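I have placed the structure first, in the form of structure tokens, so that the comments after it can refer back to it.
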């Protein structure tokens, strides 16, 4: 990481960047009010740091060993305020801002009627962003894979429904990208691109999605520690896209004997991650618990833990859903959840202000 | 499980119990307003169920296969209301009642002055129960094991300090029992006996503690699933003592790469356990996170998840503590936590009343 | 699954297949000496089984609920002998045959000289197949990603070296495919396509690789249970490609306190998987342990557990390797390993013959 | 740790030991051919190391930070040869010596006839030590807990059968101690005291068992990492008893989806532990897999990994066993296992001699 002098010229900055590129790396430039810093992207062992320190305009050269430096507070503290978090604006919605954000919608899009009816329901309940799965990752090739599993035309039709429903009910829309070949098409229709937990480690997919310059929602793999989660978010940042929304959605349950939730909802990861990175983090109680009857409490818990928002699978008739019916809530239940979460968020804000 | 007829006589009940004992099992009798049920404790394969069904006064014989039947809602629904939870009264404190309960105090008791000063601080902060470790379970024989590690006299002196501090500041007191040989002495001084996570599987210790007929706080082992946790609570109930307070305190972290919390705080276990058993469950954010800077948020999250209370390690000067200083809060911080938790609890209650 | 009558005609078979396709599924046809069976690929809920049972030539219709039915012994028992395993022939090498197969080579290909020198070394040590990484999956974007991380030309040059080294030393070659966009190029140069542990869940990549009709080596994700591992192998089989070599390479370590191996080598999975599927399974002690000093013993253990072969990272000078030096063995060490493994394999064969 | 000068007198040694005791710690004295070392047992922060360095006869004072120093190779290298392992002699059997040792017998002792018949069978199969459970740790209070679960008289009778069967068939005997109150009685009848996995963390039990001065077999808890396993073995060593046999018996399985073994048999722990400690380590494939059909292969794998022996549950009629029938082998199967294991051990020895 190179810290430029406050009075460094653009030319001096360009010289530094060119030197980095000459060594086969990329440069990540962050401009603060007083300082500009240049992060290195790639294998740092190739860079002659001692030579770079002597370049005109360079104030200081620092080595940051953490693998997720571009998104770390450690790195950003030179250009922004200590506790500042990144706010990601998507149409009329701010993620990571003062209010928690609620993403809702069906697990899988099944028909135009279904997505419109659900969109209407969640809007009335207070949700901000509409989700709907089209390319569903599934553990069995013999399960329903979403409309994307039937064919490209069906997938594109579903994308259009999603986009139109978002427009009609004034919500940005999000869907999951499961493979590199889907990136181009999906990016034309949605506002936020989602990488699912199973694909978190797919670095080529991450890079390709990042280059669309749309916000990316990255779910934590159920086998990933926090350091690995952030290190793969770094693959997106390394492409120059820092509009990344992290999402905790449950990790592999451990413990002898039967468990009673589908995954272990690692809510301690929420504030722990907020100490490490300025990126916003939301939580997904639907996948974490796999149980409709636990979603109210675990939504409240996630907001109390400090999450910037929630993603909650919603369906007007959970019993009829083709996928994941047992973990969906109705729009009416969603409303209660959102109301309670907003109050809990207010409580946190007021206690923090006081202290 | 034997359900007696509403008009069964005491003699008929005694006959049933005797038949059970004759087969080498014990009987757990629960009397409700209208019905009395008799649970079997021990290896059910030895019991002639078909014969028992014919006994006078017996209404029905049911097999409940869950290993924690005595503490299960399934079992208790015949004698109590569906959603009723057990309220455990200790002196002036109700655990599992309408208000969350806060247990606080030092990880390890170090001196009389220390325990009195901390007791005063947590009382002022709003805590209800005073904790203090004397026999500390430690991963290394070369670490400080609490005053109990020095000798029996030191241990007994520390127990006296704890008892006196509890009396002076009007709080029931709790400490951990680590081995069978400590049970008798500790039970003379404290109001609640704690079984630590490392001893959860120690069935002989559980039985011996249970027989003291004092409330028992049982912490979940960090390698135990929910079913195993409840199955070992059943060892206490099987001795006729159902004054059991369960405590979630974090499970083994999984996930490649470094993690940032000491354990994974499994808050989803809180409402999941409440669906299974009528026993109250509290949570311990201090051990779960191992990080002072996460305790405020994770305390709020635990209460939002539905916990009946919290156990929080507290010290007036965390940096000076001989054990676990990095995860202690000050009495001032505890006050903020308790205030926020109470408000969150109110929010949950008001939303539930409305719906 | 549809079992055809022994005397069913080709036309009757075609009718069955067409009916399956009409319902949006694919058919997997296996012909045995006496029976032909047709497996369904896709969402079975869409298929009118009762109608299919009445088709001419159909003997029986069975539902197999396991998610990896196409590769299961349960499914194949109608057409092959009970204990038969699939033998995969690649040039002069049989994987899953009577002798264990040894795959060796560098973690990452660094130069033509390096790959040729290592190829010569492992050939002399008794290895059968040459491996070499070009697109390296890495946890950090700031680490060396293999020559594929530098550019497509460099990647293609490395592929050519690998192919030429294989030809010169008469060994088939294998490398890892990390993303969909790499499939076409890599398939032109190598004999076996490898899917790494991190990509095991990438169903779109699996399908694309499968369609190249070359053998696929699929590594188990470190967070995947056996059922999930086999269910994702099924994604390859569902494309009509059953030349799948499974590979156990270690799973996430659990347990409080420091561990001493990089992953937990789950050797019990080897015989457990062999009871479920007819596919061959090999093991990778290099990644599982991450420790050069454990590889001899754990190689022997894997063969004793019943593995059909091993993949072992080898370098003439481990200390110089750019990636994973701490887990590489030299060709001389490899020779000892192969010699010991062959003797252990002989012991197993002789005991089994006797009993 | 204090290294005494080669010519230090007994008096000088005594002075050092007294100084250690004065500070509330204990001393562990190891005498080698040339050097004597004194290890500190307890909280080292209390010891004035700089003062001790000046004591007459003291050569050097070293701090060893590992929590299992008394059993570590690091510590013992001053008094024994680098690769030497501790050999534990029990009657006619050497554990940790040149040949692998086989411990076999029923999960639970059910009758005199049963234990004698099994003892005869395993002796003929080549086993060296007879096991039999009396106080069975069980996950459910409603399961059969061994004869110890019925009463003390029944337990003592079973201990007598075990002892007599051992005498008749000339094998040392071992059984599990589950609680502190059982130590005295069990120690009168058996040659080796076993601490089961569930009690590994029970430090008071470990200390009490250690003080019986009989060999102790300590099983790894299924939630313990290697460092914790060794740190709890240190509790035994700290009592002056280093006749400790470690036993790997499987850890909590991780991984999404169903698994197919009861635990994950962590065979990589075997050589990893041997690098850390001079204590012998054996393995228990019965509990690790929970599957009779995997025991042959996993026994071979454990010996190939370097284990000094195996503990295998054996019954003449597994289907009749009251506990764990699904994981028992017959004496005939045991014979095949022992034969194969001995050959594999020979192979390892011959390869190691050569290299």
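Per-chain numbering from 1; labels A, B, C and D assigned in written order.
Definition applied: a contact is a pair of C-beta atoms (placed from the backbone, for glycine too) under 8 Å apart; a residue touches a chain by one contact, two chains touch by 3 or more.
On a predicted model such as this, the values are computed, not experimentally measured, just so you know.
Visitor: Starting from the Cα centroid of chain D, hunt down the chain whose centroid lies farthest away.
Guide: Of all the other chains, the one whose centre lies farthest from chain D is A.
Visitor: When I count C-beta pairs in contact, which pair ends up with more: A-D or C-D?
Guide: C-D
Visitor: Per the centroid of Cα atoms for each chain, what is the distance between chain B and chain D, given in Å?
Guide: 33
Visitor: Between chain A and chain D, tell me the centre distance in angstrom, where each centre is the average of that chain's C-alpha atoms.
Guide: Averaging C-alpha atoms per chain gives centres 48 Å apart.
Visitor: Distance from the CA centroid of chain C to that of chain D, rounded to the nearest Å?
Guide: Computed value for the inter-centroid distance: 38 Å.
Visitor: Of all residues in chain B, which are in touch with two or more distinct other chains?
Guide: Answer for chain B, listing residues that touch two or more other chains: 139, 222-224, 228, 231, 252, 254-257.
Visitor: Which residues, counting only chain A, touch chain B once they are in their complex?
Guide: Residues 223-229, 231, 250-261, 264-273, 275-276, 288-289, 291, 293-294, 297-298, 300-306, 336, 339-340, 343-344, 347-348, 351, 354-355.
Visitor: Please output the residues of chain B touching chain C within their complex, sorted ascending.
Guide: 139, 222-223, 252, 254-257
Visitor: So in the complex, the part of chain A that touches chain C is made up of which residues?
Guide: Interface residues on the chain A side: 24, 40-45, 67, 69, 137-145, 150, 178-182, 198-199, 201-205, 221-224, 228, 231-232, 234-235, 238, 252, 254.
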